[in-house]
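For clarity, chains are labelled A, B, C, D and E in written order, and residue numbers in each chain start from 1.
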C-alpha cells in the first residue's frame, strides 16, 4: 500500500486489544492493519468508543497489543532492545485526547516544555531551552509566550492546554506524531493555524501523522494527500485515500458519518437527516457484539445474511478497502478479487 | 425559591417565551488572581438574558472566557476566581420571584445547582470520581436532590439513570457498573450529559459537550438536546467553538472575544448578517467537508493574552477595519436592527455598518 | 534495747492460743501497701514455683504474714522473734540442729502445723537447691514438735537459713516432699534426673486456695493485676493481735506506685524512690523511713584493659578524688550514704564483725584532691593542663557504663563521671540496658562499670565479699565467657606483708561455728579490701520507704526505733509492727 | 459471496500452556499468591525473631545462675543445675535444634511455655493479655483515626481558618508529647493534683470482683478502666492523623471531580465522604494498616503507667526476663497481625481504587 | 525535591513587555534566595514557623554563648529561681542551660533520621510502584520485614554488638527502621499517579525513568511527603528517646532525649520542682514540630501551585 519501497514508519498488523474487566472481556480493537510512512497522514475517524484511542495507544507503545504486531521501521516495538526502543520513543510522539489529564498539574508550561529539550540536549542551557519553549508557544499560537510559559495548567483554558500538549509533542522533532483529537477544543481560527503548522511539518520535515479526529472536515483538510481509515466497533471498516473516502464513501457507515456533518449555516444544517440516515442510533455493546456484520442493526443497506457472515476488509480498488457485503459486492464485481491482500 | 419543590419533574415546563428571562446576567465580571497579586478579567462586563426554552450558543476563540463564564454562572469558580461585580438573576418560572444567584447561601446554592442549573464540563476525563462507579455517581446525584421527607428509591433511581444513558446512546448495563477510566473519552462525555439531564434542570450550561464525540453521536446529542428542550422547556447555554454545531442547535448566538461578548443576536442575524468583523471571520473559517480541498481562511494574528489586553477594542490588532479610534477607547455595545422580529442584535464594534458578510454557498454532494 | 521490737519479741514468744482468746482488738482497718507481683495465670500460689510468681513477689516481705518463717530477726539487737517455734538448738557433738515447733499452731484449713510440715518444707527446699542444704545432710521429724536437721558442716550462717525458711503445708506439698527422703538417702543430688523430674512436678502445682499459717490469707477471687487483698486468717499466728482486717497490695514498680503514694492511696511502699520523688513526698507530708540495705553501687574497673589501674595507688587516688557523699546524695538523697570505712561490707556492721583495733586501721579516703594528685603522681601519672596522663603517656580517658534504667545507679554513674572529669580524668558516662550491664561486666566489655558491692540477703560479710571479689571477677565470670574485672586474687599482699589468696580467705571467713575465728579472717579481708580497693564502693544504699500516716495507719515506727535497723526486704519492720499490733489503723 | 473464508483469527498466545497445573494456577492467582507470600514472610520473621531473641545480651539461665551464686553462695555447677531445672530450658542445646523444635511445635499449634514461670503456656498468656490491648488500643485507634480524618478534612476544607490553625497547633503539640509522658501527666495532674478522677480505682483493666461476662456491669467497668489509656492514645495519635489527612485532602480538593460534585449539588457530607474523603484516605490505608502492630503490641509505658493488663507490658517484662518463648509468642502474634493487616490493606486498597485493580489483573 | 522553586516565582507582572523572557531567565539565576523568602511570606503562619525553626536551630548552634555553664552545683532539683529559671537537674545542673545546649544532637538525629526515612521511603516506594513486578514484590517484602521485625529486640541485639554512640549512627538506625510505613503510603499514591496521562506523556518524551518518577510524579505529593517528614522528625526524636529509655543507646552528653529519659527514670514528673527538667525538652520538641508544621503552610503553596492564593 505504500507508494515507494520505503519502510513505513509505523505498521500495525492484525492488532488486537482485549481489555479484561470483571464483567467480561472487552474486545476494543480487533484485527487492525494500517501503516504510516514518512510525510504521510493517516486519519482515523469513527464513532466514539470504537477503539481509535486504543489503537493509537498501541501505536504509541503505551499499551501492549494482546495480539498482532506494531512495528516501527519494520521492527516489532515489543521485540526491540532498549536502544531501539528509545529511538522509537523519541521519534514517535503522542498527543493525548484530554489535555485536562495529560498535563502535570504542578509543572508550569515552561517546565513542561523545557524538560525534554534539556534532557535530550536539544537546548544547551536553560536560557536556550526557554527561548525554544517560547518559540514552540508561538508556533501553537500561545502568544505572547511570556504570558503562558509561567502558567500552570489549571490557569489555562481547555484549548490553551491542548495547544501546550501539542507543543510538548513537538519538542523532540518527532518523525511520527500520533495526535488524538488534538484540535478538538480549538476554535476554527486557531485550529486552522495549527493544522497549517502541522502540515508544514509533514511537508517540509517529512513527519508522518496518525491523526485521530471525529471531524471529517479536518480529516479532509489535513489528510487530503494521505489516507483515511474509518473504524467501527474496534474494526476498520473502510480505508483509502482521503479524497476518495470523503468524496466517494463506500461503507454505509462512512456515508452516514458524512451525511451527519453539520454546516455553519442554520438553514442548511437543519435539513439534514437525523441519525445520518441510519436505521438506529444505538451503539452496540462491545461485550455483546451483533452477529455477522457488527453494523447490520443500524445499516440502511441491510440485507439478509448480513447478520450471519462477518465481512472482511477487502480491496475494492487501488488502495481502497471496505468491509461490507453489499457495497463491497457491488464494486468488486468489476475488479474480481475476492481474497484480501495485506500490505507489506 | 422554595427548596422543597426543586426536583419536581412533573410541573409544566413548556412555558411560552415571555418577557421574563430564566437567567439574566448583567455586567458580570470574573477575575482570576494570579501570582504576585495581579488579577486578570477573564470575563469582562458580560450581559445577556436567557429565556426559557431558549438555546444560547456562546462561541468564541479558545481562552476567551467561555468556560469561566459558565462556571461563574453556577458560582463554581476555582478558589482563585471571584466575581467582583455584576449580577446573575435566576427566575424559576416566568412570574416567579427572581433569585439573586450571587446571594444564595451555600445550602440554597446546593439545592439550586443541578436541579435548577446544571453544567456539562469541558474535560470529562476528570469530571468523575475515579474510584466509584458511574452508577453510584448517578445515584449520588439523585439522592442529593430527593425532596425533603421523601426517601430515595433505588430502583427508580437506577431506572432513571438507565433511561437517561439510553438517550445518549449508551448501554446502561455496561456503563452503570463501570469506573470512569473504563470508558472511552466520548462515552464519558455522553455520560456527563446524561447526568446533567438527570434532574430536569431549568437551564443547562454545556461546555463544549461534544468536542470528544464523533459526528453521529454529536448529532444524536444535538438532536436529543433539541428534543429534550422541546419536551421539558429548559434553557441552555451551549458553549462551543464549533459554529456549525451552534447553527444546528441555537436560537441565539453570542460571540465572545477576550472576556467580552462582542456580538449577540438571533441565529440568523449572526450567521447571515454578522456585524462584528470577528464573528464574520469565525464563520468564514469553518472548513467545508465536501468538495475539493479549499484554501482555508483564518483570522490573522493571535488571540491576545488576557493579562495584557490592548487598549481600546481588543480585537483591533487583528482587525482589517481597525482605525485609530478603535485603539483609543473600548467600543460600547450598540443595539442594531435585527432581522428577526422580536429579537435584538447587539454588537461592540464601531465599524459595524461597514461589515458585510458574504454568505458561503455550500456545495452538497 | 527497749522499744517496739523488744515488745514484739517478748509478746510473740509467749504461747498464744490463736484465734480463740483475747481477739478483742479487731477494728476492721486496712493497710495498703505497694509491691510488684505477677497476677494469674502465670502468677501462682505455689511457693516453689520459680521466680516471677505471685508467691515470690508477695513473699517479700508481706508474704511472711501468709506463709510464715520460723522467726524474724531483729538486726539491732541480734535476736529472733519466734513465730512458729519455741526453741532451736545446735548439738555440736551429734552435729544436729533441733527445732521445737510451737504448740497449737494451725493452718488456715484447720489442720495443725507440726514438725511434719517442717520436713515437707525442707525437702522441697532440697529440690529447689536452697542454700540451707549446703550445710545439711538430712532432716526428720522426731515427733509433732521436734524437727531435727543432721548437718554436713556446721556454720554460723546456717541458723538464719533454717529460721528464715518459710514453712509450707504438707497438705499441698507433702505428696511430693515424701518422695524426697529416699532420694537423699540414696545419695542423689538435686540436679540428678529423678529429683529434677520431681522438681518439675513440684513447680507445676497450682494450689487454688493456698493454705496459710500466718494471720492473713489471700482473697483469691479479688486478684487483678493491679491489686490483691489479703484477708484475716483467724486461725493464723498472732491473729488475735493484728489490728488490721485487710492488707491491700497494689501492684507496681516505682513509677506506677509513686502516684499512688502521692495520692495517699498506698500507706507504705518499699520502692527505691528517686530523690525528686522523695522531695515531693516530703513536701506532701509523707514520712520517709530509711532502713538499711547493706549494699550499694561500686565502681568496677577493668584491669585487663587498663593495666595502669593495676597500681593500687591509682585506685586509692580515685577513691580519694570522688566525693562519695555527693554521689550518694545525688543518687538517693538522704538514703545514699557515702561509704566510710571501705571494708567491703556495710559500715553498719563494721563494729560487729571486725576484731578490735582493725576498724582504726581502715583508711576512709575522704575527698582530698591534693592527696589524690600526689597518689597519682606517685603512680607515675602526669598532669598537663587539666588533663591527666597515664604512665604510658596517654590521656586518661575512660568510659563508664551503668544501667540506664536504674535511677540511682545511673545518677551515681553520671556523677562519678562528672567528678572525675572535673578532676582531669575524662570519664564519659554511658547508660545501657540493665540486662546488658552484667553481661558486659562478666565478659569484660567495659572500661569502668557500676555494679553492686555488698549483699543484702544475709548479714554475714561472707556474702558481701562474694559479691565484691568474685561475682564479676574471673572465678565466676569465666562461666559467662569472660574474666570480669580480672583482678588477680591469688596473692594479694596483706597488712602483715603476707600474701593472701582471697578465695581461700573468703571461704574461711564463712566456715565453722567459731565467730571469733571468722572475725579474724574478716578483719584480714577488710584490710586487704581497704588497701587494695579492687572495687570502689560509692555509697551505701538505705531504703526510702514511703509511709503515709494518718490516713489508714495511725503511726509507723518512730525514726529512732531500732526496728528500723532491719532491712526492708527481709525481716521487714512493718510486718513486725502489724504482727505484734504496734502498727494500728487510725 | 464467500466472504467468510479468510476471517483472521487473532494471534493466540502460543507459549501459554492449555491446562496449567494447580500450582501454576495458585501462582497465577493474585490473591493466593499474596497469601502465600505473607505466609513465607511470617516464617522469615519468626525465624529472625527466634535467633535475634537469643542474640540479646544475657540469657535467663545465666542471669539466674549469677543471682544464685551471688546471693546464695552456691557453686557455679550447683547454681547452674538449679537454674537449668528451674527454667526447664537448656541453653547448651544446639541452637539449630532448638529452632527445629520450636518450628515443629509451632506447626502443631504449640507456642511453648514460659521458661521463667513454669506451667504458663504462651498461649494462655497471650489469651489473658492480648484482649485488653486489642480492646483499648483498638478502640482508641478507631476513635483517633476517625477523629483525625474528620479533623484533617476540616482543616483542608478551611485551609488557613481557625480550625486549621487550632488543630495544627494542638495536634502537633500532642503529637510531640510522647504518650508515656502524657499518660503520666494525666495521672499526676488529673489524678493526684486535681483529683478529677480516682486514679487508684481506675488503674488496671477491671475492678476486683467484677465478673467477666456480657453484662452492663462488666462492660461499664472495662470502659471505665480503659478510659485513661484510650484518652492517652487518642490524644497522642489523633493529631498526627489529622495532619496527614489534611495534606492528603488538600491534594484531592484540587481535583476537578470535586468541583463537578459540587456542581451536582451533592451535599457537603456526601462530597466530603465519597468524593474527597475516600480518595484522600487512599494513601493513608497503608499507614492505618501498620497501626495493626500497635493494636496487638500496645504501648509499653502507657500500659505500665495505668497498670493496664495488656500485652505490651508483658512483652516488656518478658524481654527483661529474657523469657524466650513468651517474647517469641507475643512477637509472633504481632508479626502475623501486621503482615495480614498489610495484606488486607493491599486488598482494601485495590478495592477502594479500581484503577489499581485492573492494573493488577492485566499485569499479572 | 524536583520542584523548581524558581519556576514558581515567575508569575509575570501585568504589562510586561513582550521580550520579558530575557529578564525572566536572568531572574532564574539570581532570585532563588530572595524568591524563597518571598514565597515564604505567602503565609504569615508559614513565616512564623520559619522563624521558630530558625531560632531553634540558632539556639543550638550558639548555645555555649547563650548559656554555657553546665557545671553541677550542689543544689539538686532546685525549684525556679533567678539563678536557675527552670530549676536544676538531679545532678544540680542548670536546666535552662541543658535545654539550650541539648538541642544539637536531637536536631541532627531528628532531621537526619527523618531525611533518611523519607528518602528511603520515597525512593523505594515510588520506584516500586512505578516498576511493579519483581522489584515491587521484593521491596514490599523487605518493607514488611522491617516493619515486623521487633525493633526492641533488634536494637537490643545491635546495641550489644555495636555502639550507637554518634548522632550519625543513631540517625541511621532510627531512619533505617522507620521507612516502611511511609514507603507503603508513597507506593500507594504513586500507583495511582503513574496511571495519569501526564506520566504517559513524560514517558513518551523519554524523560528518563528517574526524572519521571522524581520530577513528574513525586512532587505531586510533595505536601504529603512534607508533612510526613515533619512527623518523622518528631518520631525520630522520640524513637531516640525510646532508645535511651530502654537503655539501648548510650547516655552520654547533654541532650533533650537524655533529659527526657533521665527525667523519666528519676520521676521528675512527680515533683513540681523537677517538672521543668522533663517538660522543657519536650516543649522544645513541641516547638520544633509546631514551627515545622507552620512552615509547611508556605512550603505547601510553593510546592502546589493550586494552593496559592496571593
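Criterion: a contact is a pair of C-beta atoms (placed from the backbone, for glycine too) under 8 Å apart; a residue touches a chain by one contact, two chains touch by 3 or more.
Fair warning: this is a prediction, and the values are worked out from it, not measured in the lab.
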Target subunit C, source subunit B, minimum contact steps: 2
Longest centre-to-centre distance from subunit A, chain (CA-based): C
Chain located farthest away, centre of subunit B as origin (C-alpha): C
Contact-richer chain pair [B-D vs C-E]: C-E
Centroid distance [mean C-alpha coordinates] between subunit E and subunit C, Å: 48
Inter-centroid spacing, subunit D versus subunit A (mean Cα positions, whole Å): 52
Centre distance in Å when subunit A and subunit B are each reduced to the mean of their C-alpha atoms: 28
Centroid distance [mean C-alpha coordinates] between subunit E and subunit D, Å: 24
Subunit B: positions in contact with at least two other chains: 34-35, 78, 123, 125-126, 130, 181-182, 307-308
Touching two or more other chains - residues of subunit C: 255, 259, 262, 433-436, 439
Touching two or more other chains - residues of subunit D: 56-57, 184, 188, 254, 256, 282, 353, 355, 358
Subunit D partner contacts - residues on subunit B that touch it in the complex: 74, 76, 78, 106, 110-115, 118-119, 121, 123, 126-132, 136, 140-141, 143-145, 179, 181-182, 195
Contacting residues of subunit C [partner subunit D, same complex]: 38-39, 41-44, 49-53, 128-131, 134, 189-191, 196, 199-200, 203-204, 206, 221-229, 250-253, 255-256, 259-260, 262-263, 265, 433-436, 438-440, 442, 455, 457, 462-463, 466-467, 470-471, 476, 479-480, 510
Residue ranges of subunit D touching subunit C (in the complex, touch as defined): 56-58, 62-66, 68-74, 76-82, 84-88, 114, 116-120, 124-125, 128, 184, 187-188, 191-192, 195, 199-200, 203-209, 304-305, 307, 309, 320-322
Subunit C to subunit E touching residues, read off their complex: 254-255, 258-259, 262, 273-277, 279-280, 283, 326, 329-330, 333, 403-407, 410-411, 414-415, 418, 422, 428-436, 439
Contacting residues of subunit B [partner subunit A, same complex]: 32, 34-35, 59-68, 78, 122-126, 169-171, 173-174, 177-178, 182-187, 189-190, 208, 211-220, 222-223, 241-248, 267-268, 271, 281-283, 285-293, 296-299, 302-303, 305, 307-308, 359-360, 362, 365
